[in-house]
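We just call them A, B, C and D in the order they show up, numbering each chain from 1.
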């Protein structure tokens, strides 16, 4: 049994994480934190009524470490890196949902997040928590940068094609469609029901912070410099799910089956990645840690389509997958 | 041509009102007010881009009156009654969307709204702006209390049955389901997309402020004292629409056709009220000023079902209907 | 390990059942049937891709029995009772999702379903699979009538009040709102996205077949004759969830707390029933086997509100709960 | 006053067309046709209850022509071209919603639609009914090919850039997201509420029949051969709306303002096309004939985003706009 603290427990990723961990035979949630909301968990999230006898608390790093071997941080960027070093010193293992440890350089972080990084010396040494690509780095570490939701959906279909040199790294267009839960639980005009419902829109065109994260993994997987990535997220009228349609340029003539074969070979032993023939819908993976991927060849382009649940494979499911790896549990525990 | 000011122009009812008035051949919008948001109308409401060359302004009653013959007030309760008397003095006609002039007594207002009424001496003298029931009172007046959305949907099917003495006024149960736009455009946790979507819930059980408004019209239509009304509103995952299912007790044995006949007779000359055989859906009237009503008899109860668009017949459409009556235009102008 | 067959595996309840059973440590799905669709499970339901290596098959009762100790029948009414007797003879235990064994008399069945019952002699002897009320009857039997979704949501809050004699059994009004998945997966105009979305409507007013099922349990719980039940279902624009708002008449003056106390006492040891203070939303229980119940007293009425997930507590979750009881597994297995 | 027949009046575009024409001061609907459904209009479409005293009829071309000066054909492809020639002979003017007269060659039609064209000699001579681009051709003709919904949203932002030679015609990627109403009103598994809701998916990748229509207009606007167009439509969980995000390659360095200036100049006198600074949402134009367009420059790509209501500017609104041009009414009549 591993004791667990969840920092920033008021939001949707924390809620989803709690629900998954309540099914985990080896996990015991012992602390939930919030700086402002210290009500019982079942009041903060009515769906937890009677299922978890804990209140949210405003705890110090020492208090957290005295209660938990593993800490999941759902804090916003920079807030996470302000507390993570101390937690590591106390001997906790940490899965960080924020963007703080995803980028390799403080320079890149500061350019995109427009704020100084609180813990820059760790950057470049923290494994990126996508087990399907970086499992070896994850096992045996004590801090994991849990991937962004868009990057997870964009990277998984593209990396195999990049690794075998099938597509040009510098001419990739990524058009993603996400459910509204990705925007968080803080009341804002733009995420009101009556603003989002019956409407789809692009946002953060050319400026979304997941762009450098995607570019970095592309660069790593084909050992090039940071490529130009065109990434356009869209706000879609649904709670959860990300569908990513990516347009890449093959370096030679290929067929659909050629592309699917590369994908299948890469993921043949990966339980959570399904390479499929049909065009996947986000509903096919809703509420699960699965990724469905397919590909088509149209004219001079490869079109890959991938579907994930942004709150699970795109956040809390991936985090539990990482947790399982960190603590030696079967990787799929609580995720089937 | 009548010049028009709209007070409190940032919300959904104001937006809907503007859209209707842009189609009105005899209306010219000359002022939009807001105390805080003074951007161009097309920025406050992107759907007005390039359609209305006005910015919102923080105007005094005198300034408003100097620009407009008719004022639609979309201000919140008490804010409206603080400015209406002065507008009337300046000679404006006013259609008030707030609850301020709907109840007949300051006592009732203060009980339900828990605040002192700013203009109590007018209460009881302002016509209730449901033309299908009170057209005569509306014509020739200068101030109209535009009805609440729930009361409109609840009252229209019940009043004809009460007027002919077919049902008991003291044993009526009203179960209403409303789209989220009824909750306004101010960011709140409870109206976030991810809270409302894929979910229905009751709220304000026994405490909703439309209850006394419904009771008052019931009392008036059968000349009794204020009856007990059981009214339960529900928040439904859709933008707009109210469906009201009301359970009433007939005083004698009746058939479905008996009930439908009473309804048909009452509304046979009303363009906007359709008494139908089928069970209406809110989509049948969405985007229109129509009301669809039907009835069934089940065991010892009459069940009436009515559907309206809460933003149109339940607010801005009714307001324009009243405006047409006030200024002598054909009642359906801009509403077909 | 118990081997399992699922009959009629193309629909939503079967899909949900499969997903739950894939998490069950003691269940192995060995057969899926359909008369018409014999594709692999992962093609019939894309969300099962790569998770279940079975195709649907058109099997005889003997073939089914040779493969499975427990049979879940998701067949339509009368189709189920045509095959159940033979399955029982072969020694299978059966959980029947259809209405075939829910009513106590063939007369009542034939009145509401307008068709002759294929297995009338069993009626009245099959336990109604609501463990919170009839657990003793369920354990040790071989056939269970899995309850209807609406009855589950309606009965659970009312039965405790009826059992203690707090409300009149003959004056109950039940207003229910269900997601569209309750209407099944067969293409029909009325359940197209563009017909249901942004719309709520009543249907089956006075004629819905769950009415006698509710009445029967009410009669049983207060040992009266079949009462009149006014039951109005509504089609709500959401995938899943039922919210039931029920209006009942107390026989004496009661407070909200009196009513909540009766409910709490009845369900204090029931894991899946949560008596709550707040007004529950269907989202609070979405994807779970939980029921959230609360109550209010308004004027001369008690208003109870209950929320379930129609596909889980209203169908497949309850079925697995029954399965666990039948085969001696912990009742909550695979359901947390 | 112009008399009007609508062929194939059971679907969503016909319904929307009827609603618009009911507001048109110079249009009188005199015939609605269907081969199978001959119920009153208010039963086929409940939202028309009491608004239009016509039943659908199975009429011959002669009967249609005897009743109507203008015919809107909402028939499927090939069904339309089987009847249009005769209607033209009778002297009717025709606005054809089908794809039958959109493509310039029978060869292209037969390749994409996999069926012989019933009226091939007219191809290449029928104006494409996008008044913003082809107004001159429309005025004075007797048959108009009303554009496809996707092409309208894709073409309007791209054509101005192509006309001034700013982008390469052969490297355009069009990623479109449409509401479900575009899929029609015929019951199919794929358009059931419970299949589409809470889900987004790509479909028809590389094979959608609107591709050659887009390519043809691109070719025409920059006087090149038919270019390669990568077009990916997505089914989005909403009733109506199309958002098109198009990625094109500028032939030289440009800024966002350069691109917006080209668009503004092209459309400065077009009432229905608004070139905006913000990223438009489909909701901004929902229920209207407006198009909102913006552009961004990201890396080596221009990203244009356009929003329309697929049933109005993408179908019935455009059709009425064309009707107004054909019969000499003000182009915006009934469309504000």
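Observations on the structure shown:
In this section, a contact is a pair of C-beta atoms (placed from the backbone, for glycine too) under 8 Å apart; a residue touches a chain by one contact, two chains touch by 3 or more.
Remember, it's a predicted structure, so these values are computed and weren't measured experimentally.
Seen from the C-alpha centroid of subunit C, the farthest chain centroid is that of D.
Set against one another, B-D and C-D show the most C-beta pairs in contact at C-D.
Here the CA centre of subunit B is 36 Å from the CA centre of subunit D. The mean-CA centres of subunit A and subunit D are about 39 angstrom from one another, to the nearest whole unit.
Centre-to-centre, using mean CA coordinates, subunit C is 46 Å away from subunit D. Counting partner chains per residue, subunit D shows two or more touched chains at residues 179, 195, 197-198, 237-239, 280-281, 283-284, 286.
Interface of subunit B with subunit D (complex): residues 22-23, 46-47, 49-50, 198, 274, 276, 278, 280-281, 283-288, 290, 292, 336. Within the complex formed with subunit C, the subunit B residues making contact are 173, 175, 177, 179, 195, 197-203, 205-206, 228-230, 232, 234-241, 243, 245, 247, 279-284, 286, 296-301, 303, 305, 307.
Across the interface of their complex, subunit A is touched by residues 12, 179-181, 183, 185, 187-189, 191-198, 237-239 of subunit B.
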